[in-house]
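First chain written, first letter: the chains are A, B, C, D, E, F, G and H, and each begins at residue 1.
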Amino acid sequence: METNKSEIRLMKGNEALAEAAIRAGLDAYFGYPITPQSEVLEYLTLEIPKRRGIVLQAESEVASINMIYGAAGAGARVMTSSSSPGMSLMQEGISYIAAAELPCLLVNVVRGGPGLGTIQPSQGDYFQATKGGGHGDYRLIVLAPSSVQEMCDFVFDGFKLAEKYRNPTLILSDGALGQMMEKVEFPGDGSLPHQIPAWATTGKKGRERNFITSLHMEPERMEEINLHLQRKYKEIEENEVRYETFEIDDAEIVLVAFGLPARICQKTVELARAKGIKAGLVRPITLFPFPKKIISDLSKKIDRFLVVELNAGQMVEDVMLAANGNCPVHFKGRMGGMLIQPEEVLEEIEKIVEESLTLNAGQE
Amino acid sequence: MIKGTVLINSETCKGCELCIVACPQDSLSLSQKINLRGYRYVELSQDNCTGCTNCAIVCPDAVITVYRQSKQNYKKAV
Amino acid sequence: MYTTDEIIIAGFGGQGVLSMGKILAYSAMIENKETSWMPSYGPEMRGGTANCITIISENKISSPIVSKFDSAIILNQPSMNKFEDHVKEHGFLFYEASTIINPPTREDIMVYKIAAIEEANKIGQKQISNMIMLGAFLEIKPLVKRETVLLALKKVLPERHHHLIAVNEQALLRGKELVEINYHVSV
Amino acid sequence: MPEEMLIDEMQCVYQKPGTLTDEYMHYCPGCGHAVAHKILMEVVEEMGLQEDIIGVAPVGCSVFAYNYMNIDMQEAAHGRASAVATGIKRVRPDKFVFSYQGDGDLAAIGTAETIHTINRGENILIVFINNGIYGMTGGQMAPTSLFGQKTSTSPYGRDVAHNGYPLKITELIAHLPGAYYVTRQAVHTPNTVRKFKKALNNAFEYQKLNKGTCFIEVVSNCPSGWKMTPKETLTYIEEKMLPEYPLGDIKVPTQNKN
Amino acid sequence: METNKSEIRLMKGNEALAEAAIRAGLDAYFGYPITPQSEVLEYLTLEIPKRRGIVLQAESEVASINMIYGAAGAGARVMTSSSSPGMSLMQEGISYIAAAELPCLLVNVVRGGPGLGTIQPSQGDYFQATKGGGHGDYRLIVLAPSSVQEMCDFVFDGFKLAEKYRNPTLILSDGALGQMMEKVEFPGDGSLPHQIPAWATTGKKGRERNFITSLHMEPERMEEINLHLQRKYKEIEENEVRYETFEIDDAEIVLVAFGLPARICQKTVELARAKGIKAGLVRPITLFPFPKKIISDLSKKIDRFLVVELNAGQMVEDVMLAANGNCPVHFKGRMGGMLIQPEEVLEEIEKIVEESLTLNAGQE
Amino acid sequence: MPEEMLIDEMQCVYQKPGTLTDEYMHYCPGCGHAVAHKILMEVVEEMGLQEDIIGVAPVGCSVFAYNYMNIDMQEAAHGRASAVATGIKRVRPDKFVFSYQGDGDLAAIGTAETIHTINRGENILIVFINNGIYGMTGGQMAPTSLFGQKTSTSPYGRDVAHNGYPLKITELIAHLPGAYYVTRQAVHTPNTVRKFKKALNNAFEYQKLNKGTCFIEVVSNCPSGWKMTPKETLTYIEEKMLPEYPLGDIKVPTQNKN
Amino acid sequence: MYTTDEIIIAGFGGQGVLSMGKILAYSAMIENKETSWMPSYGPEMRGGTANCITIISENKISSPIVSKFDSAIILNQPSMNKFEDHVKEHGFLFYEASTIINPPTREDIMVYKIAAIEEANKIGQKQISNMIMLGAFLEIKPLVKRETVLLALKKVLPERHHHLIAVNEQALLRGKELVEINYHVSV
Amino acid sequence: MIKGTVLINSETCKGCELCIVACPQDSLSLSQKINLRGYRYVELSQDNCTGCTNCAIVCPDAVITVYRQSKQNYKKAV
C-alpha cells in the first residue's frame, strides 16, 4: 500500500478515522470493542502490523483510558475510541488525563442512550463531552465531524490541538458517521511530525526527574492548578473556535446544528429558501470552544434560532447562553437513535414561523 | 426397535443441521423449501425415528417435539 | 438524468445486499458523483434482514439515512413487508421472484419482478444473482454505467477473484435482458 | 400429516419447556447460547424454580435472554452481571439467583466483579458461556480466544507475545475458597447437553443449601464469529476448544467441606 | 440505642447521613471507601449489624453502583455514596439506573478535582450531577444540603422523591459538610414506610414475569423511552423545585449559591446590608429541577446576580439560562478545595458595584 | 561528637541511596512502605537503572512515591497502575517499568487490570504491598484483611460469610502463564529486607531479558491502620500475617521455561 | 459576652487536639448555643499536625471553615509557625510551654504560655494536659461553663471511663489556676 | 569485634524504634528529646556498635548511615 501520497477512497467513517490516525503518526492505540465503533480497532489490528505503531485490545474501557494515560505520559501520540457506555466508563480516567495535561485523542462514536439503549446514531453525549462528564472543572477540546472526510481530517486537527495545549481532544461522532461510507481523501504519511515532549516520562537521562500527577493535597496548590487550567481553556476559547455558516447574511431564522444533522439542516435551508423562508445555518465545528460570538452577533439581528440535535436538547443551552435573551431559541430534537430528515426540520420551521405570526397577529 | 416421531416447527427452524448430525437414525434432512425467515428447515425424511430425543436436545431453537410409542409414564427422556 | 437517487437494498444477510450497495457507491465515486452508503448494522442483522441505503447524487448529500426511497431492491419477504411502503410515489421497486411470495400491492410505483436467483442457477453461479438484479436495476435507472460497475468490481474484488469479472459482466447483461422482456408495470 | 396420526398413540417425550417464552430467538442458526438457554429453563421448570428465581442477563449476544426466559430477570451492564446478581441475592436471599455471561463479559471487562463475587462466596450460580469470541459485536478476540485464532481484532491470529494467553478463568476462580462447585460443560452433543443439565441441577441444589458460588462454564460455539457453518463448529469444538478447555468437574464439594 | 423517637445529637455530616439512612428504612448499602466520605460506610458497618439492613463493602465503585442496580431492581430501598473520582466511575451504571428507572439514593461528597486532586471540599461536580455525566439524556434529582441537619433530612426526601418518580436521586454534598459536626435532630424509625414495588424482580409468583432493562434496539422504541423520561423530568421540574431566599424583597444584587457557600453568602448579605448594600440571596435546594422561575422573576427587577460556587463556574450557566439576559450575571468562584469566606464575597460585591458605578459614570 | 572522630577512620557501609530524593516522607512512623521504597531505590541505584526506569505510583498511602523516588514516575488512578504501566511499557519497551501498588489498589478495584496485565505477560515488575488494610483512607478492610481482623469497616472482625475470604491474589496470579516470577517477601526484619532486595534484583534481571511479568508481594505493616505501635506490628506480622501469607517464592523460572 | 468565637486548636496527632474541640462543641450544644466543629482530615494528618476549628455562637454559623481566628490553642511548633499569623488582631493565643521553642512574636494579640504537659506530669496523668489547657482557655474566654464541660465529658466518654471525670475536673481547675498566676500579656 | 558506628539524622527520625529492635548489640535507644516534628528520636546509647547495618536496613526513613572500621573496599553491606 502506498501511504506516502494522498489518495481518494470510499470508506466507512470509522475506518477513515483509523487510517487517518496511522497517517498522522499514531504511536499507540488502546481500545475495547463496542458497536458502532469496533471498526476502528479492527482496522488498526489489520493495518498497524503492516505499517507502524502499537495497537492493543484492552480488557475494558477503564483499562484503555489508563493505558492511554500511561502512554501519553511517556510522550507517545495516542488515541482511543469507544461509544457512549464505554465513554462513561472512561470518565474518571479522562478527568485524570485532563488534570495531568496529557495530550491524546479520544473518539466517541455516539449511540442512543441512556443505559444500554440502542446502537443507532445519537448526539446524547454532548453534555458529557463539553461540560465534563468526569469530576472537577476540566474541558476537552471537542471536534464534531459531519462527514467521512472530516472523520479523517479531524484526527490531524485533534492531535495538533491536543499537543499544542497539552489537553485531551475528543472527536464527537455518531453511529451513522462511523458506519457510512463516503469519499475521503487522505494526506500522505509524515505530514504531522511528532517529537517526544520534554516533560514526558522516558527515563531521567540527563535531566531532573519528570513525573505525571494530578494529585495536589494542598488546596492552595490545587487551586493554582485549576487557575492554570482555566487560563488555558480561555486561551483555547480565544484561538481555536471553528464553525461554518450557510446562507446567514439575510437570514431571519438560523438553524444551529453540529455533526451529521448540520448536513441535514443545510438541505433544510435549501428547501426553506425554495419556499421563500429566509433560513440560514450555523454549524459549530468545535463544541468546546463553543462558537459563542457568531451566535451572539446573529442573535442581535435575526428573528430566532432553531437548534436541531439528536438528543433532548443539550447544545441548545450553549446557544441560549450565547444568545443571552436577544432572540428566541427554539429546539427540535430526535432521540434514541432516530435520525432527522430535512423535511421534518422544514416542518418545524414552518410551525415556528406560523406560530410567531399568530402570536404577532394576536398582539396587534 | 421403539417407534417414535418428531414434530418440527418449520417456522422457527433455522436450518442449522445440528439435529441432523445428532440423529443416530439419519431420520432428518433439510427441506428444499425455505421458511419465512429465509431458512431451509428440517424435515423427517425417513420413517425410522426411535424417539431418542437426541435431535431435540441439541436443537438450539426448541423446534422439535419428540413422541415415542412406549407407554412408560415419563415426560422427558433427558 | 436524476440529480439524486436514494436506493434501499434489503434482503437476508447472505444475499449480497451490502456489497450490491457498495458496488453502486463505488461506481458513483468513479464517475465523480457524490455518493454515500449506509448499512444497517449491529446484531439485528443476525438471522434477520440486512439492508443498506446507497445515495448517488450530483450534489452534496445531506442525510445518508432517509426513510423514503426513489428505488428499492428487495430480496426477501420480510424486507418487502418492511419497505414497500417506503418507496416514494412514482418510485421504483425491484424484487426477487423466487423468495417473495406476496408481491407488492402498491399501484403508484413501478414494480419489477426479477427471477435473479433462478437465472443465476441457470448460469450455474449462485452468487451472481445480485449482479443480475443490479443489471436489471441499472437498465431502468442508469445511475452509473455498466462499464464503471465492472471497473468498480475490479477495485473491490481481491486480485485472486478477478477471473470472476467476466461472469459478473454476463450477469449484468442478463439482468438487462430480463428487465427488457419480463417486467410488470403497475402505474 | 402422517406424524400427527402416529402422535395420537404416542407419548410426548421432549418438548420446549414452558419456562421459555414464545419469543423467536434472535440467535444465529446453531448458536450454543440458545441450547444453553433451553436447558437452563428445562432445569428451572423441572426443579419448580420458575417463581422463585431471578436471572441476570449480560451484555453480549445473550443480552436478550430476558425475552426468552420466562422468569424475572435483570439486564446488567457489560461485565457487571455478577455484581448485579450480588445486589439481588443480598436483598432477596431466599430466591434463587443466577447470572448468565459471555467470555468477554465475564473474563474481560467483568474480571474484577467475577473474582470478588466468587471470593465472597455469593450464594448464586454463574453460567459462563465460553465461545472464545465476542459474538455480539461481530467476532472480536476474547480473553479465551485460542492461540493463533483469527478474529476481527486478531486478523493474523492471536499472538501470545502481543495479546497474552487464553485466559482459563474457570481454573483460576476454582482456587478461590468462595467457589463451591466449578465445572466445565458443553452443549454441542446430546451427551454433553445431558451432563450440563445435571450440572445445573447440582448447582441449584447447592444454592438451596446455601453453599456459596457455583460456576458452570459452557464451552460453546459461535458460528458467525468463527465464520463456520454450525456443523463445522462441532469439529472445531472437539478438535480445538476442548483440548484447551477440557470438560469435566474442576472443583467438587467434598464430604468434609460441608 | 433508642431509635424510635427523635433526638438531637452532635454529629459529622457523613454520620448523620448514615444514621438517617438507617432510620429511613434503608434495606441495603453498597459502597467503597474514599475520603472524605468513608464515614458513611464505616458508620453503617458499625450500626447496621445491631439494627436492620445490609451493608456490603464492594470491590470498587463500579461494582457498588451495579449492586445498587441489582438490589434496586429487586425492589429494595438502597443507597451508595462516594466522592468525586468514585462518582466518575459510576457514570455508566448511573445512566443504566436512570434508563431502567430504578429508585435509589446516590451521595457525592465532593472533593477538589479534576483528577486525583485533593480531598478538600468542592462543588466541581455540579455539571456531572445535573447534566448527566453518563451517556445519553437522563437526569438525576439533585438535592444540595447546606448543613448537617440537611444531610439527615435530605436522605428522607431523597428516598421519597426517588420512589415517587422511579428515578435516582443524588445528594450533592461536599467534604466540609461531610466532615464537620453540627447539631442534628433525627426523626424516629419507621417514618418512611416502604413496599416492594410491583415491577420489581422478586420471582414471578402469581404474575407475569418482570424484567429490568435499558436495552431497546429499535430506535423507535428507544425514542419512546426517551420521550417518556423527558415527560417525567418535566413533571419533576413542575412539582419538585425547592429553594430558599433571604432578604430578596428589596434586593438590588442577589447572590445565588448552593450548599455550604449558601450559608457563607447569607453572612455576606448581612455584612453587605450593614454597609448599606441591598443584597439578597437565592439558595437552590434542588439543583435539578433547577429553580428557574424565581431566578427569572428576580432577573426582571434586580440589578444583577452574583453566583458564588466552589468551582470554575457551573451553576452560573443555569442562572444565566434562567436570567436570559434580563440582567447581568456575575460569578465568583474558588477551586481545588478552597472554601470561600463571607468577607471575600462581600469584597466581590463591592468591586462589582463600584465597577458598575464607574461604568454608569462613564456612560453619562 | 564522638562519632565524627571515629567516622574519619571508618568506611561508610550503609547510607541512604542517591535514588531517593531529599523529601521528608509522609509515612507514619515505622511504615513498611518507606522501607520498600528505600530498598527498591537501592536496587535501582546498584543496578544502574535510574536513568532508564519509569515507575507508576498507585492511589494509596504510596501515592506520593514520585516525591521520594528520584526517577521518572507517573501517578495512576486508583487500581489502574498496571494498565498505566502497560501503556508506558508498550511505547517504551526499552525502558524498565514497574508499578507499585497497595492491596486495595491491586486486589480490589484493580483486580481486572492486575489479572489482564499479567495474563498478557507485560514485561514489567509489579510490587504489591500487602498490609491487609486500606491505609490511606483510614484503615478500612482490604481484600487481604485477615479472618476476624477488625478494621474501620469490619468493626466486629472480618466475617467470611459476609465479606468473603482473604484474597490470595499472589497465589492466584501465579497460575497465569504470563507470570514469570512470583514471590512473596517482607520488610520487617533485616533478613527479610535482604531477601526482598534479592527478589527485586531478580525481577529487573528478568525484565532485561524480556521474560514477562514479575510480581513481588511484600507483606507489610500499617501501624496506624492496625492501631499498634510499630514494634507491635512486628509480632503481628510474624504471628498473624505470615501464617496466612507465607513468605517465599511462589513461581520461579525453570531452566526449560526460557 | 462574645456573640461568635472562632477557635483553632492545633498540635500533633496524639495531643488530643480533635477531642478538645469536640468537647467545646459538645458543651456549646448543651448550653443551647450554635456550634460547629471542623477537623483537618485525610492523610496530611499522618505524622503531621492535626487541627480543628470549633465555632461557638449565639447565631447561626455561616462558615465552619475560617482562616482568621478569635482564639488559638497551639500545642506544637509546626502549628505555631502555621497559625500565629491567623489569629485576629486583639485575639487570644494559648500555647504549650514544653513543646514550643519559639514563642509567638506578635504584639497585637493576647498570648498565654501554659505548661500543661508539665502540670499533667505532675498530676501523674499525661493524657489530661489538654484539659488543663482547656481550663486555662475557659478561664480567659468563658464561652461555656466548666460544669457544662464536665457534663459534655460524661456524654462523650464511654461509661467505663466515667471514673476519669474527677481527674478531668481537677485538670480544668489547674488550668484556671495556671492562667491566673502565670501568663504573659503582650498587648 | 569489628568496630562500627552510626550517624543518625535526628530530624528525619520518627522514633518508630524498629532500629532498636533490629540492633543485635542493643546499641540504640530513644532520646528523651523530641525533634521539630514532635518525635522522640533514636540515639546511639552504647559504644558497642559493630556496624552490622541491621538498624539502617530496617529504618523506613533512611535515617541511619553506618560506618565500619574494616578497610575492605565495599560500599554497602547488604
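Throughout what follows, a residue touches a chain if its C-beta (ideal position, glycine included) is under 8 Å from a C-beta of that chain, and two chains touch if they have at least 3 such contacts.
If you're wondering where the values come from, they're calculated on a predicted model, not measured in any experiment.
Traced through touching neighbours, the fewest hops from chain D to chain G number 2. Highest inter-chain contact count (C-beta pairs) belongs to A-E. Spacing of chain B relative to chain G, judged by their CA centroids, is 87 angstrom. Chain A and chain E, compared by their mean Cα positions, are separated by 29 Å. Averaging Cα coordinates per chain places chain A and chain F 41 Å apart.
Each chain gets a centre from the mean of its Cα atoms; for chain A and chain B, those two points are 54 Å apart.
Those residues of chain A in touch with two or more other chains are numbered 35, 56, 59-60, 62, 85, 92, 96, 100, 116, 119, 213-215, 217. Residue positions of chain G touching 2 or more other chains: 42-44, 47-48.
Among the residues of chain B, those in touch with two or more other chains are 14. Only residues 59, 63, 75, 77-79, 104, 108-109, 111, 134, 136-138, 140-141, 143, 152-156, 162-163 of chain D touch chain A when the two sit together in their complex. Chain F meets chain A in the complex at residues 50-54, 56-57, 63-64, 66, 70-77, 80, 83-88, 90-92, 95, 112-113, 115-116. Put simply, chain C touches chain B in their complex at residues 12, 47-48, 76-78, 99. By the touch rule above, chain G contacts chain E in their complex via residues 22, 25-26, 29, 34-39, 41-43, 60-67. Put simply, chain H touches chain F in their complex at residues 3-7, 12, 14-18, 21-22, 39, 44, 51, 53-54, 56-62, 64-72, 74-78.
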